[in-house]
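The structure under discussion appears below in the form of structure tokens.
Chains here go by letter, A, B, C and D, matching the order in which they are written, and residues are numbered from 1 within each.
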Amino acid sequence: MDAFEIEHVSEVEVEDPVFIEGLPGVGHVGKLAAEHLVEELDSELVRRVYSTHFPPQVTVENGLTQLASAEIHAVTTDDAELLVLTGDHQAQDTAGHYGLTDTLLDIIESFDATPVYALGGVPTGELIEEYDVLGAATTDSQREELEAIGVEFRGNEPAGGIVGISGLLLGLGKRRGVPAACLMGETSGYLVDPKSAKAVLEILEEAVGFEVDFGTLEERADEMEDVVRKIQEMEQTAPAPPDEDLRYIG
Amino acid sequence: MDAFEIEHVSEVEVEDPVFIEGLPGVGHVGKLAAEHLVEELDSELVRRVYSTHFPPQVTVENGLTQLASAEIHAVTTDDAELLVLTGDHQAQDTAGHYGLTDTLLDIIESFDATPVYALGGVPTGELIEEYDVLGAATTDSQREELEAIGVEFRGNEPAGGIVGISGLLLGLGKRRGVPAACLMGETSGYLVDPKSAKAVLEILEEAVGFEVDFGTLEERADEMEDVVRKIQEMEQTAPAPPDEDLRYIG
Amino acid sequence: MDAFEIEHVSEVEVEDPVFIEGLPGVGHVGKLAAEHLVEELDSELVRRVYSTHFPPQVTVENGLTQLASAEIHAVTTDDAELLVLTGDHQAQDTAGHYGLTDTLLDIIESFDATPVYALGGVPTGELIEEYDVLGAATTDSQREELEAIGVEFRGNEPAGGIVGISGLLLGLGKRRGVPAACLMGETSGYLVDPKSAKAVLEILEEAVGFEVDFGTLEERADEMEDVVRKIQEMEQTAPAPPDEDLRYIG
Amino acid sequence: MDAFEIEHVSEVEVEDPVFIEGLPGVGHVGKLAAEHLVEELDSELVRRVYSTHFPPQVTVENGLTQLASAEIHAVTTDDAELLVLTGDHQAQDTAGHYGLTDTLLDIIESFDATPVYALGGVPTGELIEEYDVLGAATTDSQREELEAIGVEFRGNEPAGGIVGISGLLLGLGKRRGVPAACLMGETSGYLVDPKSAKAVLEILEEAVGFEVDFGTLEERADEMEDVVRKIQEMEQTAPAPPDEDLRYIG
């Protein structure tokens, strides 16, 4: 097996798609958002990416196995076509992150899927009342467009930069001339955060021009409410310390 | 030395063999089961696989050294021929797991040894009364055959997937069109577990069609009884906590 | 992306430059010193080095991203031309350190930029009154020149050798016939140390023949004074233990 | 720089040499023994091996730097010629151990230097009264020769096998047909142990046929006596626990 392999699962015509990435990371914000699109909208699996830099692992569903991979789905909405990347893993090492992102950009270029939206969370270290979405972009024009629809751009935040596939889609994308932006939902960093995922998707709806129902995401958010409430009760006795390791954004 | 090297130790004719893997993992279930076949039945070492991804280590026996390797034995029973993989090591890194499994599949294809049975344990976190065997497979027909002889298939269990060479024999095997199944004996995860190995072998006997004596395995199981009893006594004072890291299946 | 890539940001004529390296390390002495030159003097970014051995990360400034890289600036003074390497990262692994240094030496040779001065700190484990600068060199003549202007050469200090890009610029430089020296400012090892950076730059001024204003570096030093004072107060209650890990010199 | 590079420091005629390895490991037994030969006997540096799998580091002596390397010295005694490998580092990763050993075997074959003696220590977990030397070999005839001069061969001891360059010189040497043996001096595992090094060298003297003065090694042993005495005093209050990590043999 090569270090990175692309499997053509199905050949679908997609017209002027944008590319959306949502792999595991802080608060699983990006992953929740991307999976919500695949589940709620009309979608079809078109590519799998396998890599020797993914964990040596299969998942089991109904007794049948699937090798660790990242999945690209063609998602059709009334107003736009999307290619949505989901998966359970980041690469396991530094060279893997670079190589995987290069492979994704090959696919992105083969579909002429621009711009790229990398979705993720940015940890604040405290529970969120109002879910702002922080942005980063490879070009001035993207920054201006996103700023106009409510995305926050703040000096050199996030201070720790953007790490992982999300960061490299912008870093390597820029070098290749592929316009890319990162949308980071604020999140405590302590919890899986469907509300932050919804905030990110609302921006994405406006940026790309499509609509998706948020019912199931809101249900998951309600389920988290109890957990949050318990944490708040805990916080009244001992305040949560700042956590260095929460700067990671998938 | 290349990253992976195959040594032809002897050339033996084997007719329509199945391939059985049992490397170290949870409860050493797979390793115990595979070694039991090699020790109890008529067997001959046919291949060694060396790798720069194995530990940089030799073992010493009677003052003579043997470089770290995985060993493939031709095992002859009254009713079937087996190729049995044993060894003391998993690969030491992610790329090593993938490369080693690719090398094993090369050998499997050269012997036309199908299907592949990967043996291992699945941790339950508590002491086992009745040793169920959990299954996973690359094809529907294998799943049905194994279900018919008592193998359990449960939703998306094991929840953490199957990791290591066992997992990749299914994951990469499926991609190559080599039918493969994983038989996982339930085990506490706290102890080397000969009883779980016996449960796995009983399923394997029926799946492949051969018989092996369990005398020595039962002796080892009896030796473990005292240990188990002591643990149970300990558990009466403090219950064992669930252990995240026990999801590993060799 | 290749493991190491050189981006030509601008083509500038530089006459007989020396090469100065200052990446992160003990007390950030080398990094502070190199950045001070770039900020205070007339400088232009000429090359970026990207690597799959750098962290998979972009930094964000005003909402725009920059892929992790090392930067080489052409710096013009009244009396000499300098090529100054700055950056936020050392390589992430052993092979990365060697490969990155080889890439830097390729650039150094393409500019015929000699000698090479690697700047860093050497930890003493205690607060410094008088900031000596320790030296190491690839040739006797360099050692003599540096000794003549006040650089200390002491037996086999630093005892732990010189680690990272600084060390390899000398180690690999010597093998290629590129004369190189390391200037290490003494520093406690506990704090970012602008005073040590100033001591190193004062030696460099004399070795290369140029002048730079130290105003901003002295301001940062003043800001650190409070921190130092607090540490000294703390030390009166409990003495700081020697720290094995402080032998690292960037 | 290639992953492994051989520098020809000088070209010396050596007649029918044996090869002796002594890199860092348990009790620094092998390193002490090999360095003692180089220091006490008539020796000349003939080869250096550099590797990107060594630490990214230079050592400093009198202000001049030397890149991390393994050194091979031609050592002449009245009765035999030796090639002695010394150095401050093992490789930093698994692939490095294999590649470095392959490179050493290339040199060994180019000098036709056989047999290979890998020197090291084997930890007992307790202070030693009588320093036995444990052996391992690639061939029966070597084992018999060594057994005849007092080397101990015990079942499958050392239980953890032999790890690192010492182990691979036997493991990879055997595959190439280069006869090799490992001489392991018993040592507590807690201390640098010149007495164990002397015990190993006494066996080596007899195996190869040469003589070396032990004066300086005995002095170092005397210096360690005080340390040992203190440890024994400490042991009277709290017995030393067995240490899993002490199985490593350099």
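Rule of thumb we're sticking to: a contact is a pair of C-beta atoms (placed from the backbone, for glycine too) under 8 Å apart; a residue touches a chain by one contact, two chains touch by 3 or more.
Nothing here was measured: the structure is a model prediction, and the numbers come from that model.
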item: Touching chain C and also chain D, the following chains; value: none
item: Those chains which touch chain C and also touch chain A; value: none
item: Averaged-CA centre spacing for the pair chain D and chain A, given as whole angstrom; value: 52
item: Approximate Å spacing (C-alpha centroids) for the pair chain A, chain B; value: 37
item: Interface hub residues of chain B, defined as touching at least two other chains; value: none
item: Overall pattern in which the protein chains touch one another (line/ring/star/complete/other); value: ring
item: Contact footprint of chain C on chain D as seen in their complex; value: 1, 3, 7, 50, 52-68, 92-93, 96
item: Parts of chain D lying in touch with chain B, wherever the complex brings them together; value: 91, 94-95, 97-99, 101-102, 135-140, 143, 147, 153-158, 161-165, 167-168, 170-172, 174-175, 182
